[in-house]
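Have a look at the structure below before the remarks.
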Amino acid sequence: MDNTVEKQENIRKGWDGISRFFRANSIWMLMYCTGCCAIELPQAMTSRYDMERLGMGPMATPRQADVLLITGYLSLKTLRRIIYAYEQMSTPKYLVAFGPCTLNGGIYYDSHAVINRLDQYLPIDVYIAGCMPKPEAVMNGFNDLIGMIKRKEANGWKKYEQNKDWYRKNQIQALGELRIKDEFHE
Amino acid sequence: MDFILSVPAIVVGLFAAAVLAYLLTKANKILGALITVLGSGAALAAMLMLKGDINSVQSLGALGFKLTDYGWFFSVLMLLIFFSVSFFNLYWMKKIIHPAAYNFLYLVALAGTVGAFTAKDFIGLFIFWETIVWASMFIIPFGKSRNASVVYYAFSAFGSLSMLFGILYLYSKTGSFDIQYVLEQASMNTTYALVAFITIGIAGLVKIGVFPFHLWLPKAHGNAPDTFSPILSGGLVKAGGFAAFLAVIVMPSYKVFASNALFLGRELAMPVPNYILVFLGAVSIVVGTLMAIKSEDFKKLIAYSSVANGGYIIIGIAIADSLSVGGAFMHMFAHALASAAAFLSAAAVVHRTGTTKMSELGGLIHRMPLTYLVYLIAIISMAGIPPMSGFISKWMLFQSMIGKGMVFTAAAAFFGSIGSFLYVFRPLSAVFLGQLSPKHESVKEAPFLMQVPMIGLSLLTLLFGVFPNIVLRFISDILKTAGLDGLTLNGLVISGTNGQLNPSLVSLIFGIGFFIALIIFIIHPKSRKVDLMDTYTASEFIYTPELLHYSYAFYAPFERLYENAPSTEKWYAALIKKIEEAGQLVSYTFFNNKPRIIVFWMVCAVIALLWGGSL
Amino acid sequence: MITGILTGFGILLFAFVWQTSLDGINRKIVGRFQKRIGPKWYQQFRDIFKALSKTGVTHGWVFDFGVMMALGGIMATVMFLPVVGYSAFPGMDNFFIFVYLLAVGMLGMAMSSVGSGNPLAGIGVMRALTQMVGYEVPFMIVILGIIFGHNTSSLSELAAIQQASGIMTWNLVKMPIGTVVAYISLLGMLGKKPFETFIAPAEIASGPMVEYGGKQLGMLMIMHEFATFIEVTLFVTLFLGGATTLFGFIAKYFVVYILASLISNALARFKIDQVIKFYYKVPITLAIVQALMVVFLGWGV
Amino acid sequence: MNKDIKNLVADIKSRFELVGEDYPKDDQAALDFNSRDIHSVLAYVKSQGFRQLSILSCVDWIKDNQFQLVYIVFNWETGIRLQVRTRIDRSNPKFTTVTSIYPGAKYYERDVHEFFGVEFEGNPDSYKQLFLENWDDMPPLRKDFDSKAYSDRKYPVREYAADFSKAGDKK
């Protein structure tokens, strides 16, 4: 009896390992180009740095994507939509944040409309530093993410699911309510 | 015993049942509707039992009945459709203005169809033909529009009168009304043959709704009571196929006119009159397809699709080789089942929601899954996709067309075939898939007795798609008695001019493919169930399901390409206007209150009376 | 029967492995053309298996059922294909089976994607169907000429006829106009760039695929590989004389597919009404000319 | 200053009481009026070809305890941009809507109400939210609104173990 359970566990682990191998080298991005850091993505994607050799590519919708890129500052209105997009993604999902604005607010640290710390609202797997981060930094960040996926460290989505209440509380505190319904949103 | 189980008995019985239904409906509506179910069911059973009596001749007073094999085929098909639809009558008694008259006329129309298909004489054929026309003409205004009935009658009268002229002309030449004899005599003489071909052919074309007589179909089918549309489209329209079959095959037009073949050389010989029919069929495929793509109304869309499918049938009959005529018969069979099922599912939707406008519906799959499946199977058959019966007939027709090298006809048929994907998908997407409107939140599945005929028709469609040779064997016999070669059927395999088809194998492999896909689906991680409104909206918040439902003007970019094309509808409207103007002119000059005109006419009359003999 | 089905499985496996690898190679080649390194040749396998291993969402039973119907229909179609002389069901590889069995898969996918309730999927399906009316009619008219000329609609027989005396009996040589038309139609079938309207990721968020993630997406990617295999193999068999050796088949297939992909990368996207207008102006005229030449003049038979 | 503007200003001066004037650019004129004249001025300039209300802006003169409303109208024939300005009381910011003259002002008034708290009587929509979703504090573009305090209160700040700016100073 124990043996079969163990066997199943082993199969599950083996399967997990295989799928992690595939996941690590096939990362589809959803680019939510919120801020200025987005300008560094074209270089990272095209001939100079060629993101596709890591198996990365742009995707059109959150359902298909594996990683959500937050490229820069987030106003409250954007945060609302980012949370919606993030929750629509299929698991496992990862989140990469660009620049200091996502870290501590950056130059918008005192703005009434821009949040300071993104990790209060969504779990972030990798930060990429620089204002804006150079394409080398971007590629390095993605390499880190791939390494983390391989080492089973990119567990932001699990953290989000486990601590959903805490995240939800922070989100509500900043946003009032998550979804907005007015004459523009019927 | 001989009389009890015979064609006249069925016809008389149906008339009697009609009267009974009328009387009973006055007492109890449901009971009256039940009579239509029982009556048509009993007639179907009797007709199936009569299979052994094919070619028997009976008479009822002056009317002779002869059960030919094609007559049996058509009768069984009609009875099947009437029987299936009659279940719906039970639920429609409250919605129809005159339930008693409806039940009466329903059974009268059925008696008329059976009579017309089994008549021995032309006179009997004409009487029963008119019975169908009149019965359905009175039923149609029970639906949405009286105008539809007028249009229907105008077209039908044209066809009937044309047929009457042909019948009387042939009688004056041959001295007989017997269908078989008259047509045999006619085929000896090219002129007689041409008259018979044109007059009876026109009656068939009008009935089947081929261009330029297609206008009554969407009007009548779209506006008839929801229970009668499947009868019109699945059943009565096929009577046109019967008339066309009489004109083209029973009187072997392809032999009579063989001398004036259009394209000589190779295997392209095709008589001009037949080619005209083929051409009309091709045009109606294109017109029907384009108009169906444009329709906003569920029922109108299926009606226009009947126009397109009528085109296939006419082409198949007019090409007049065994494969094409067999294909046409199979197509009549498949399309009767499929379009009846499609109209029945439309009726079920109407029963629950009260509308046929596609833009007002949506997402009904979550409330009426069975109706959805019925419609799905019907459209797979209508679009000619395996493993449904529509595929077999289209395959046979294509084989024949390509074998003959008919480039333009085949182009039209290909267009109609691919175009049918467009229009059949439209209701699927707009009515059943997509977002469920909040006002249909509490809609329920169709009631049980409505499900029965719908499931029955779907299963038949599937059965004859997987094992079409059950029908094709019989069709082959029909072809042989009509003087054509039989079909080449070998076990489960159908052979065409340039290829073979094994529908059972195709279905089996499709089943295997589906099974593999199912396994792939099951072994992978389970999906998370989300709400319909939780879709990708570029992360914007939308709360109204109607706004997220893409259904109005579905093929707008495609429609825009032909919105300015010449329209038959406008042409007829202009014609009507012209006739009205002419009538006004006549009434102005002859029928008014001016004394001098009246005096003038009185003088004319007196002169006519006085010298009438010598004038 | 059993051997037939096993052969079918073999063809299925070959189709998957070959077309998926070729897709990866294709991505590599396109990368090189854009002066990039490009992904590994087996990148497409990674993508497919990754998608299968994810936890996606479902919008109800028709969402899943349609995907299964799509993949099942396409796999059934592949099993009928004659490849390098191997045919699962000899004599039954009728051309029309491919056209209409392929439609089962397409219908399944359309049903499933519209069943997700996303309007973008509806628009994508509308465009896909409209485009289908565009490319399918010229293609079928050309095929009419071929079937009429060779008097058979069986793919393996058509291939055998063309192999009679080397390259001179290929339909490419005998019906050059038809080949051009069929190739333009092939671009439409494959959804390559001038006719990529129904995917249009930047415009309608990849159209029918908009709501898929996880295993449904993976299955549709497999389906897409199979559909590509069917379409390219049809072209190879009908116009390039099929193949008697595996190498010959792979070489022809490679040329046809990579050329389509390179054309795709050099061109921009049509609007959907432009697609229809284009197909109903140039290719359909050429197709009818070709068919008339075959039927009336007996050229190219 | 081109001739069109000269004529226009002369024309306006002859009809309305001008409080102040300014010519920031060659084709622009900024004219100050008493707030009671604004509606008649706008109606008049609209009849003179200024058919487009480009924007309604607001300036917070906190020391004067006044809000300045700036209606920028544009003439497509002459290409002149005219600023029609007026000042209103800051402690009780109320003004009457101009939607009867320029219907498009509906959204600009909402904007100004949202960011400055000016109430426009006669435009019921101006109380609805436009840009700021679920705003819960005083209008944010008023000068006395402390953005930093709001940010600190609402959005958690990252705490660092060491103060890097001071650490750098020591070296």
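A few notes on this one:
Letters are used for the chains, namely A, B, C and D, taken in the order the chains are written, and counting of residues starts over at 1 for each.
By definition in this document, contacts are C-beta pairs under 8 Å (C-beta built on N, C-alpha and C of every residue); 3 or more make two chains touch, one makes a residue touch a chain.
Not measured: the values here are computed from a predicted model.
Looking at A-C alongside B-C, one finds more C-beta pairs in contact between the chains of B-C. Farthest chain from chain C, judged by C-alpha centroids: D.
Spacing of chain C relative to chain D, judged by their CA centroids, is 60 angstrom. Chain B and chain C, compared by their mean Cα positions, are separated by 35 Å.
Chain centres here are Cα averages; for chain A and chain B they lie 58 Å apart. Residues of chain C in contact with two or more other chains: 53-57, 205, 210-211, 214.
Multi-chain contact residues, meaning those touching two or more other chains, do not occur anywhere in chain D.
Residue positions of chain A touching 2 or more other chains, listed in rising order: 61-63, 88, 180.
Chains that are in contact with each other form these pairs: A-B, A-C, A-D, B-C. On the side of chain C, the complex with chain A involves touching residues 27, 31, 34-40, 43, 46-47, 49-50, 53-57, 201-202, 205-206, 209-214, 217.
Residue ranges of chain D in contact with chain A, taken from their complex: 128-129, 131-134, 136-137, 140, 145, 147-148, 150-151, 154-158.
Those residues of chain A that touch chain C in the shared complex are 15, 18-19, 22-23, 25-26, 28, 46-47, 50, 52-55, 58-66, 88-92. Considering their complex, residues 534, 536, 539-544, 547 of chain B touch chain A.
Remark: chain C residues 5, 8, 52-62, 64, 67-77, 79-80, 89, 91-92, 94-97, 100-101, 103-104, 106-107, 110-111, 114-120, 122-123, 125-127, 129-130, 132-133, 136-137, 140-141, 144-145, 147-148, 151-154, 205, 210-211, 214-216, 218-219, 222, 271-273, 276-277, 284, 288, 291-292, 294-296 touch chain B in the complex.
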